[in-house]
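Alright, structures below, take your time with them.
Look at the two complexes coming up: chain A is in both, with chain B in one and chain C in the other.
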Partner chain A sequence: MSDPSLSRRDWLGLIARAPLARLGALWPDDPPEFTWLRKPEVGAMMVQGRAGAVGAAFNLGEVTVTRASVRLPCGTIGHALVQGRDTRKAERGALLDALLQTERGERLQATVLAPLLAAERQETETRARRAAATKVDFFTLVRGEG
Partner chain B sequence: MYVAVKGGERAIENAHAWLDDARRGDRDVPDLGLAQIREQLALAVDRVMAEGSLHDPDLAALALKQARGDVIEAVFLIRAFRTTLPRFGASLPVDTSQMQILRRISATYKDAPGGQVLGPTFDYTHRLLDFDLAQAPDVPPAPEIKAEPADTPHILSHLGAEGLMQGEGPGGPEVPDLTRTPLEFPAERALRLQALARGDEGFLLSLAYSTQRGYGRNHAFVGELRIGHLRVSAHLPELGFEIEFAEILLTECESVNQFQGSKTEPAQFTRGYGLVFGQSERKAISMALVDRALRARELGEDMDGAPAQDEEFVLSHCDNIQSSGFLEHIKLPHYVDFQAELELIRKLRRDAAARQAAE
Partner chain C sequence: MQLTQGFADPAIDAARVFRIVLDAMSHPGRIVALPGIDAPAPCSPAAASVLLTLVDGTTPLHLAGAHDCDAMRDWVRFHLGAPLVGPQGAAFALGTWPALGPLSAYPQGSAEYPDRSATLIVDGAELRREGARLTGPGIAHEAFLTLPDVAALQANAAQFPRGLDILFTSGTQLAALPRSTRIGGA
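Showing the complex of A and B:
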C-alpha cells in the first residue's frame, strides 16, 4: 500500500472502530512488558446530533466504549478509547498506540495499520458500490407527437 | 397502615425457572445465537438500541434473547444496564452531511444532487409472504456497480441557500440531558428531540399520523430521508485532539412544512427533524412530524388542543419504559388499598340503606 504512515489521531480512530477479531488476527504478538496507567474500563459516550442537522446540539443516545492507558518500560504512554465493551480490545489498542510511537512503529504501521485501513476501506467501498446499484435513473416518457 | 407481606419465594423461584425453560423452548431446536439475532433480526436490534438509548448491537441482541423477543422488555433491560455505565463524556455533534449513504430519498426534489438511492428497502416489495425463506435458501450477495464519489449535501440546504427555509438557531452552550435532570416544561427543542429519539416508535407513529389526519394541521413532505454510517468523534483531553472513536448506523429525516409567516418573519418553509440509531425510517419520519408539531407555539401557530402539539402530553407519555412501569405496577399487590376501597363501598351502601329505611 502506497499510503504514507497514519497520524496518531488517525490510528487511534482506526483501532477504536476495528472489530477485535480483525485486530487480534493482525496482531497476535505476545504483549510487551507494560504497566497499567488505567485498567480497561467499560463506559459510555453520549452521542450528540443537531436539530435540523445544523442547529442546536441535542443528546441522541449513548454508545458503549472501553478505555485504557498503559506505560511501556521506556516511558512511552499509550491510550485507547474503543467502541464496544471489549476490555481486550482496549488493552490491545492502548499497547498498539504506545508501540506505534516507538521504533517498532514503522513496522506496525505496515503489518497492522495498513491492513486495518484496507479492510475498513473495503467495507466502505462495498457499501458505496451496493448503494450505487440502487441509485434511481429517472427517465421521462415522451408523450404525444414529438 | 403498612403491612409487610412475606411469602411466595418458592413460587417466584419456580416461576423464573419456568421462564428460563420457556425461553429455551423445544430443546430439539438449536439454541439461538446472539450473532444470528444481530445479523438476521437487525431491525429489532436497531429498535432496542434506539429506545434503549444505547448503541451496542451485541447487547441489544442479548436483551432480545433474554426478553424472548419482547421488544419493550428488551429496551427495559438495556435502560437498566445503561445506568450502570460511567459516562466518559460526550461526542462532538455528528455532521450527518458526512454520512456514508446506504439510502437517501427525497419526496420534494427528483433531481437532488447526489441522487436518489433506494438502499435495502421494503418499499416496492409486494408484502407477500416469501415461503422460500422457510427453507434457508442461499442468498446471492447484493449487486454492485462502480460508485462515483459524490457529495450528498442535505437537500434542504438548497432551500436554505435561497432563504426559503427557516434557519436553525444555534442553541445554548449547555446541552440539556433528560437522563440527568428531570423533564420540566416548557422544554427546549434539544430536550424534546432527546425524548423523541428514545421515545416509543408506536406512540410517535400514532401521533405523527394524527397530525396528518388533521389534529394539529401541518402538512409535511419528506424533504429528505437518509440512512447511513457515520463516524462519531470526541475530543480526548488526555491527548488534546479529536479521534473518530466509533462508527454507527443512523436514520435521519427532515420534513418540510409550510409556514404562513408572521409579523417578523416572511412566509417560508420550516423543518421537522428526526434522528434515530439504526435503520428505522418509520420512527425517523414520525419523530420529524412530531418535532414539527411541537414547534407550534414557537412559530405562533393555532394551538387547537391537538395532542401532538401538547408538549407535556407528548413528552410525558412517549417513553415506553416509564409508561409500562406505571401501567404494570397496578398488577402488583394492592391488597391494603383495595381493602380500603372495599370498606368504603360497603359503608356507602350501608348508609344508603339506612337512609332508605328512614324515609
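Showing the complex of A and C:
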C-alpha cells in the first residue's frame, strides 16, 4: 500500500491536490526559516484537453492558480503551483517541497505524504465503486424483434 | 548556484523601472539610477532590473560572452522564462560591448517593420557624461556620453528608421542610446 518513497513529481501533485486544512493537520510544525524566491502570486493558466484523450488538443478553459518558490538556508529550493487563490497553501506547499528534498524528507514522507496518498487512493476507489454500481450491462437486454 | 529573489513587489517595481527606462530612452545620454536587483555575476543590478521589466517568455534573449554562464541561464529560466537564442533571433541581448560582437549580427528591423529589431543591453562599461556628442530627438541642445565604439554606433544611427536601440548599464546606472540619436564626434 505505502510506497517506500515518492518521486518529486508525485509529491508535488499530491501536495497540490490536498486541502490546506489537511496539510496543516498532518504538518502542524512551525515553518522553518526561509527566504522567498517568488512570493505567492495568483494567475491564470489555460487547461488543454483532448477528446477521448487522443484527439487534437483544444483549450478547455482557464483555471486560477497560485505559485510560490522558497529557498531554505541550506540552499534547497522548493516550488508549489496550486489551484485556486490560496497563497498560504502555495507557501506551505513550497516549504514542504523544499523540506522533502532535505534529510528531513524521509520523516515527512511517512508523516505527510503517506496519509495523503492513502486518502487519495481511498477516494479514487470509492468513486470508482460508486460509478461501477450504476453501470448498465446492455448485454442483458434482448431486442424484441425476431 | 544560488537563485535570488527578483522584484519584491513585481507589479509595482516593474512599472517603476519601466518609467525610468522610458525616461532614459526619451532623453538619450541622460544617466538614471535603477533599483538594484541581485543577479548572478557578471550581470549588473541595473541590467537585471531591465531584464525583469522588459523580458518575458515572448521575447527571445541572447546572452553574450561571460553573461552566458550557468547561473545566469538558471536565473533567466526562473525569473523570465525567455527563450535563449543566438544573436540573429534575439529581441534582447545582454553582454559587454566586446562580447556582443558586430551590431550587424542582430535583427535590424525592416523599412515596413522597424520595430522588429533587437535592443542591446551593454553591461559593465562605466558611464560618464563626457566623450561622444549626442544630438537629436529628446536632447535640447547636446548631451555627452562615453560610448564604446563611435564609428559602429554612427553606422547604426545612419540606418534610421532601421537599427538597434541600445541601453548601457553599469552598477545601478542606466543610459540609453536609441537609433534616432545622432552621434557627432567629441
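Here is the rule we go by: the second predicted complex is superposed on the first by the 131 of 146 C-alpha atoms of A that agree within 3 Å, B and C clash if a C-alpha of one lies under 4 Å from a C-alpha of the other, contacts with A are read in each partner's own complex, and residues count from 1 in each chain.
The definition used in the following text is that contacts are C-beta pairs under 8 Å (C-beta built on N, C-alpha and C of every residue); 3 or more make two chains touch, one makes a residue touch a chain.
Please read all numbers here as calculations on a predicted model, not as lab measurements.
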Fit-or-clash call for chain B and chain C when the two complexes are aligned on chain A: fit
Which of chain B and chain C A:25 touches, first, second, both or neither: neither
Vertex chain A; arms to chain B and chain C (CA centroids, nearest 10 degrees): 80
Chain C versus chain B, contacts on chain A by residue: B
Contacts of A:36 with chain B and chain C, given as first, second, both or neither: second
Which superposed partner A:67 touches (first chain B, second chain C, both, neither): first
Touching partner for A:75 - first (chain B), second (chain C), both, neither: second
Gap in Å between nearest CA atoms once chain C and chain B share a frame through chain A: 6
Shared contact residues on chain A - chain B and chain C: 41, 69
Partner chain C, residues of chain A touching it in the complex: 35-39, 41, 69, 71, 75, 77
Touching residues (chain side chain A, partner chain B) in the complex: 8-9, 12-13, 16-17, 41-65, 67, 69, 79, 81-85, 124-136, 138
Contact set on chain B toward chain A in their complex: 49-50, 53-56, 58-59, 82, 85-94, 96-97, 100-103, 110-111, 115-119, 142-148, 154, 157, 167-172, 175-179, 188-191, 193-194, 197-198, 229, 231-232, 234, 236, 238-239, 241-248, 252, 254, 271, 273, 275, 277
For the chain C and chain A complex, residues of the former touching the latter: 2-6, 8, 10, 78
